[in-house]
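Alright, structures below, take your time with them.
Shared between the two complexes below is chain A, which has chain B as its partner in the first and chain C in the second.
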Partner chain A sequence: MSTVSTYAAIEIGTSKVVVLIGEILDGKTLNLLGVGVQKSKGVRKGKIVDFRAASHCTHTAILEAEAAAGVKVNFVFLSQTGAHLVSNFNKGSTLVRSSDNRVTKEDMKRAISDAKSKQLHVNRVYIHYVQNPFYLDGARVEDPFDCQGDRLEVGYLSIHGDERTIKDHIHVINGIGLHVEDMIVASVASGASVADDSDKKMGVLVIDIGSGTTDYVLYRDGYIVKTGAVPIGGDHITNDLRFGLRVDHENAEMIKKTYGKAIIDPSDYDEKIWLRTDPEGGLTIGDRQIRKRGIYQIVNARVDELFTIIQDELGGFLDPKHIGAGLILTGGSSRLNGIEKVAGSCLGLVATKTPISSSADPINSPENSTVVGLLTYALKHPNEGKTRGKKKSLMGKLSTILSF
Partner chain B sequence: MRRLNKVKEKHWSNIKQDVGRKPITFAAFRRKIFKSCKFGIILALIAGFFTFLVSGFYYVRGHPIDVNLSGPVEPIQSIRFHSDGVLSPEWLKNVHGIQRGASLMDVDIFSLKRKLESFGQVDQAEVQRHFPSTLKVTIKELEPVMRVRLSRGSGFQDLLIASEGQIFNGFDYPKSFLSKLPFLATDSLVKEGNQYQNIKEIQQIYPLIEHAKRNYSKIYSTWRVISYKNLAETDLGIGAFVYVRSSIVDKIIFRPLDYKVQMSRLSVALKTTIESGINYLGVVDLSLKNTAILELASR
Partner chain C sequence: MDTLDDHSKYSENEKHSAKIFNSRLSIHLIGIGCAGSNLIRDISLKEIEGEVRLSVIDTDLNNLKNLQIDRNIQIGLSQTRGLGTGGDVDLGRVSAQSEKDRITKLIQGDDLVFVFTGLGGGTGSGVAPIVTKIASDLGALVINFVAMPFSFQGRNRSEIAENSLLELRQLADAVIPLPNDILIQQGREDVNVIDAFKEGNQWIEEAIYSICALLLKTGLINVEFPHLRKVFAHKGGRTLFAIGRGQGENGVQDALNNLIQCPLLHISEQSRAADHLLVNIQGGRGLKMPSINHIMRTVTDRFCSMDDTIFGATFNESFEDEVHILVLGTTDLDSGKAVASVTSLESKRFEDESFENELFTKPVHDSKKKESEEETRQGEFQFDLDDTGYFHQAEKNYYKDQDLDIPTYHRRNIQIVI
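What follows is the complex of A and B.
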């Protein structure tokens, strides 16, 4: 008998809240059922600054997605983003204890617990532990069990975040009567969505440029070695245009989307465009012309700054020799013209953008790569859910059966 | 280990989630109302289902349903009668009282069985319905081994005695059969209601009759009256005697033990006396251990 579980992937972003409902059949097949998108309110750079407003738009998006999917949600996967997220790479090591120097399960457990034993500051909580390969006497081994050696080492990438920010996100979901089953950082989710296994094996950097934050994840040899979030996104470009060109927010957003280029393109930078104040497009007093060069310079400066910050954060990890598959740009702001060229030259990698689909197919658009990635991650890591294995009360089981 | 536990506690999954809080948005309120309604409907359905079950149970208990498991039933066409004795279908016709045209299910077979077994001659009766239209009656009769004569005013009445001492009024027996049964001479008949109590001395006499009938039928055919006396009133057989009056011996005395030897001795004695030309004897006493005493007599 096939088992069907209905999951909702929720991303509470700076510009929008996206809820994607999918069902996983027998833990193998993912069917996307419906999507709900609402303009975000009360969220800034991944942090909830107005709980009621954030709850309102999130709950509305959930109802919209449920109506589109025609099902009620059982489980929620929540993405987490923002500058509060920090990743640490911790190494654990142990001496092989058996007399014949063969590695036992106990040795492996000791190395893992040593790697995970790093204490956190108060008000910080772990979100992920991503295991890296074992090393036995300095040589990499996929499974060290029963291999001969003296010293066993293992690396763990631990991602942790601010407890209060995470609590706020969870309580928004709890507010509509749903329980958060698993939490996945946005960068990891986007990586699961846009990079395939061969990319990860060759080494790939995935950068998800959202409105308020930019998340990145670096894979090497199939493992996540670095992840993080930068509090700069598409909104900063809009703000720069607004102040630089002295226009309102709507016009700045329109200019960014219509004329914005991340590179200073000499082929058309002398062209002028009209900045109109009439919402219906008519010419009125006060309307003026500006050169495209100004737009390009503003956008280029901010985009260049963004990738420079990422370059600084990646530091020694950014070695093109180990990142054979190059750079993949995703997220809503990756639609910006020429952004891949700036990223490529700044980070020294071959950069590509995720294919941009038509607006009629929101599932495959780069804006939604995080939510799609949440479901993909859940499908690929069925046992990693932190609360999925927890025992439920009798009423909890009953409500799950009756799909309350 | 303690250190590791501390680290585990710092995982996001240990943050307490409160899904049952008061909704703060209209969407949450709507969803909660929907959930409550759904829960209420399901509870109502479950409650309704159980109410239906319980009320159905009480209704059925108060109004038992007749379930016909008998198949098609027709009026009784035939009554199959079988007896291991002398009773005939005509006797059954007089006894059963079944109305003409009655169906099988109209006959109370248990009542009929009791009625048949109340007839003294019937030891056991079995009544079966054979669908669609046959009633089967099987009778096991008592086997009479003796008879007892009672005086009734100016006349008399003969009753029959079965092997276990039951006394009954014989029905349908041929006279030739009855005339061969020896009489029991007794003064211990006790009447209980319309019936007599079983006669106990038959337990001492019956083995002798059975042995004589089977092995010495010629001698047995001459026996007319048999009686039993226990002078010592003990169960040991000392002082107890069985007396037989036959057509050729006035009194044959048996000890109620080891009839095989005594009958053999009687046979020899009678053979010897008949061969000697003596046709009638007064007493043959077989109750002594190793000898038989013969007393001659004339008719």
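What follows is the complex of A and C.
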């Protein structure tokens, strides 16, 4: 038991807090031990707006998961989402210094440090650096060492976020006496769980539509080339329905889940549904009928806008030729009927949903792809938890803002 | 002591206000050391020649004697006997400090000071920071162009240069390093040494000319001195600097390509993105508005100038179909300015959009304005724009001027069939 590390992957999402506890045996296999799910409170669009409420439900979820697993958590991996996350692609370049124009390790180091040296605003902090391939005089090379050329370039995708928002999240975990081992951006975590290596090699776009935010990550040639978050999620669809149909939040949520379609489907859009105010389902005064067309129009407008924004954000990166594996939709809101058709036509990619299995299986449901991805990440980087000091890695990240 | 200091500051302010009334911009170009004096000797500022003051500060008496500059200061006579510093930075520093009063007198009253020097040597690395500090303390905007030593000149020299570069960044409003190594990399086989150096100096000449012309000449779109000050409001960050030239039918595109390929953008000492950007376009009479728009779009996109881009355009009679683009930018290092999550989503294209709007929104006639007001007064159900329902607690989401929390169908004016 002593050689086993227990990891907790925690996602403080907009609609729910999920805690997965897994253990890693011999650094290879991941065993899922316990799950804790709580409806989250005090979180809007991935941001903590009510600290006490958010802490309370997170702590309950952790305790629930610990009770189910029967172990205490050693290491916590925390996911980060929200529109405050920005990924920047920074190119580092250097002139090859040696007289015979052969690339030395020094040149490579210089190019890398150059790429990483983009300064951030004081209240921004780096979360990830993702390396992209080297280019020597414009031509891509896997390992430029000892190759001949003049100008060495390397791209780094740096993902950074708002320091306060991140600190709030960490503070919630610290409140229960646990330390956050590392943070992973939700989009990267989702990408790790739903796309396999061959997808990534061919190029794949993963869009995780949560309730508050939508995270996307684009892989090309096995590298992450772009990632980001759009502050639109399933909650927006519910809210739009609430305004458009003049119903309350619960009913809007029910309509979205039962009748919602992302496409304006002419086959049944003239049908009407009854809106029941009576919890028993009986007819009462105030009940009215709503035509499905209105529902479809509202949902379609929102979903279309979401993908238009993503398309806009991706800009030149969105080239179907380089995204062979197409688009994978995941996240709770990807359950929405017809959403893959809108996504496909809007982004010009072949869109698929992650298969929806029974809700009893937490690993395969689209809502949990982020948190499962977190655990997968922990499995792939097992040494991080052991070699680094308890808070060191995190402090290292926070301290980057202080250094030059 | 304190009161004395205050008093001197007060009189300083008075001088400044007097200068404003004078309304003549005083631009001063100071070369320091051997590299600096060479530039001052060779520089040609075309039609604005007489409006920029040129000076040289050096420790080497022989060098100064050969110059035809009317205003030069020989410093450190007692320390170096007029023979130069021999690479001793401390000697350079002491020499400059002993002549502080004369240097102050030289710079006094200047609005914009360009300091040019080669770092790594005694005079350059020793004197330049002191001159920069004096100029900066006097309230001038100081832009430094510094030549970095060849890597074959040894580690010692480049270390001195790196240290002075860091020091200058803290003191000057902008520091633009120009590594001599580029001269080798860019130089063709048949170019002789003198021409190679001249080519390097041409960048500086072009930059100084471009900035001066921007301020002194009346252009198509004017940039005033306060604009320039705004770009360089924060010290300490890296400076972005690039020049592009193009000629002929595709002059605009050529100039853009040339700009992006500018070798100065590919050195590690330079920043590749800027928070504040100054773009100056020089062109002949044939320069068209769509071309300017295209240039600005490409430039702001390339350098991610999220916050602000100041833009000027000047006509140059001697240019026929030639286009020159100058880009000068700074990054915020310690501005302490908050990047709220709302702004983070706004893509860099947003910047372009707003710029475009600024340029192309037509003034609305008064009668039209009234009409639109009346429209809203009609007895129709009004959506309360402040009420975002479920999201009223959370921070607002803006993307391209649209509040994403307001239902999309409402923003897109879709009639809902219930």
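By definition in this document, the second predicted complex is superposed on the first by the 375 of 404 C-alpha atoms of A that agree within 3 Å, B and C clash if a C-alpha of one lies under 4 Å from a C-alpha of the other, contacts with A are read in each partner's own complex, and residues count from 1 in each chain.
Convention: a contact is a pair of C-beta atoms (placed from the backbone, for glycine too) under 8 Å apart; a residue touches a chain by one contact, two chains touch by 3 or more.
As the structure is a computational prediction, the values presented were derived from the model and not from experiment.
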Superposed partners chain B and chain C on chain A - clash or fit: fit
- prompt: Which angle, as a multiple of 10 degrees, do chain B and chain C span at the CA centre of chain A?
  reply: 100
Query: After superposition on the shared chain, which partner residues are touched by A:Ile309: those of chain B (first), chain C (second), both, or neither?
result: second
Query: Which chain makes contact with more of the residues of chain A, chain B or else chain C?
result: C
Message: A:Ile298 in the overlay: touching chain B, chain C, both, or neither? Say first, second, both or neither.
response: second
- prompt: A:Lys118 contacts which: chain B (first), chain C (second), both, neither?
  reply: both
- prompt: Now for A:Arg52: first (chain B), second (chain C), both, or neither, which partner does it touch?
  reply: first
Task: Considering only the touch criterion stated at the top, classify A:Lys256 as touching first (chain B), second (chain C), both, or neither.
output: neither
Message: Minimum CA distance, chain B versus chain C, superposed model, integer angstrom?
response: 9
- prompt: Can you list the residues of chain A that meet both chain B and chain C?
  reply: 113, 117-119, 124
Task: Give every residue of chain C touching chain A within the complex, in rising order.
output: 151, 181-182, 185, 237-238, 266-268, 271-273, 304, 331-342, 344-345, 347, 349, 383, 388-391, 393-395, 397, 399, 404-405, 407-410, 412, 414, 416-418
Field: Touching residues on chain A, where the partner in the complex is chain B
entry: 51-52, 55-56, 59-60, 62-63, 113, 116-120, 124-127, 160-161, 163, 166-167, 170-171, 174-180, 183, 386-387, 390, 399, 402, 404
Contacting residues of chain A [partner chain C, same complex]: 44-45, 47, 49, 82-86, 88, 90-95, 97, 110, 113-114, 117-119, 121-124, 150-151, 162, 165, 230-232, 235-236, 238-240, 242-245, 249, 290-291, 293-294, 297-298, 301-302, 304-305, 309, 312-313, 315
- prompt: Mind pulling up the chain B residues that touch chain A in the complex?
  reply: 3-4, 6-7, 10-15, 17-21, 23-28, 30-32, 35, 38-39, 42
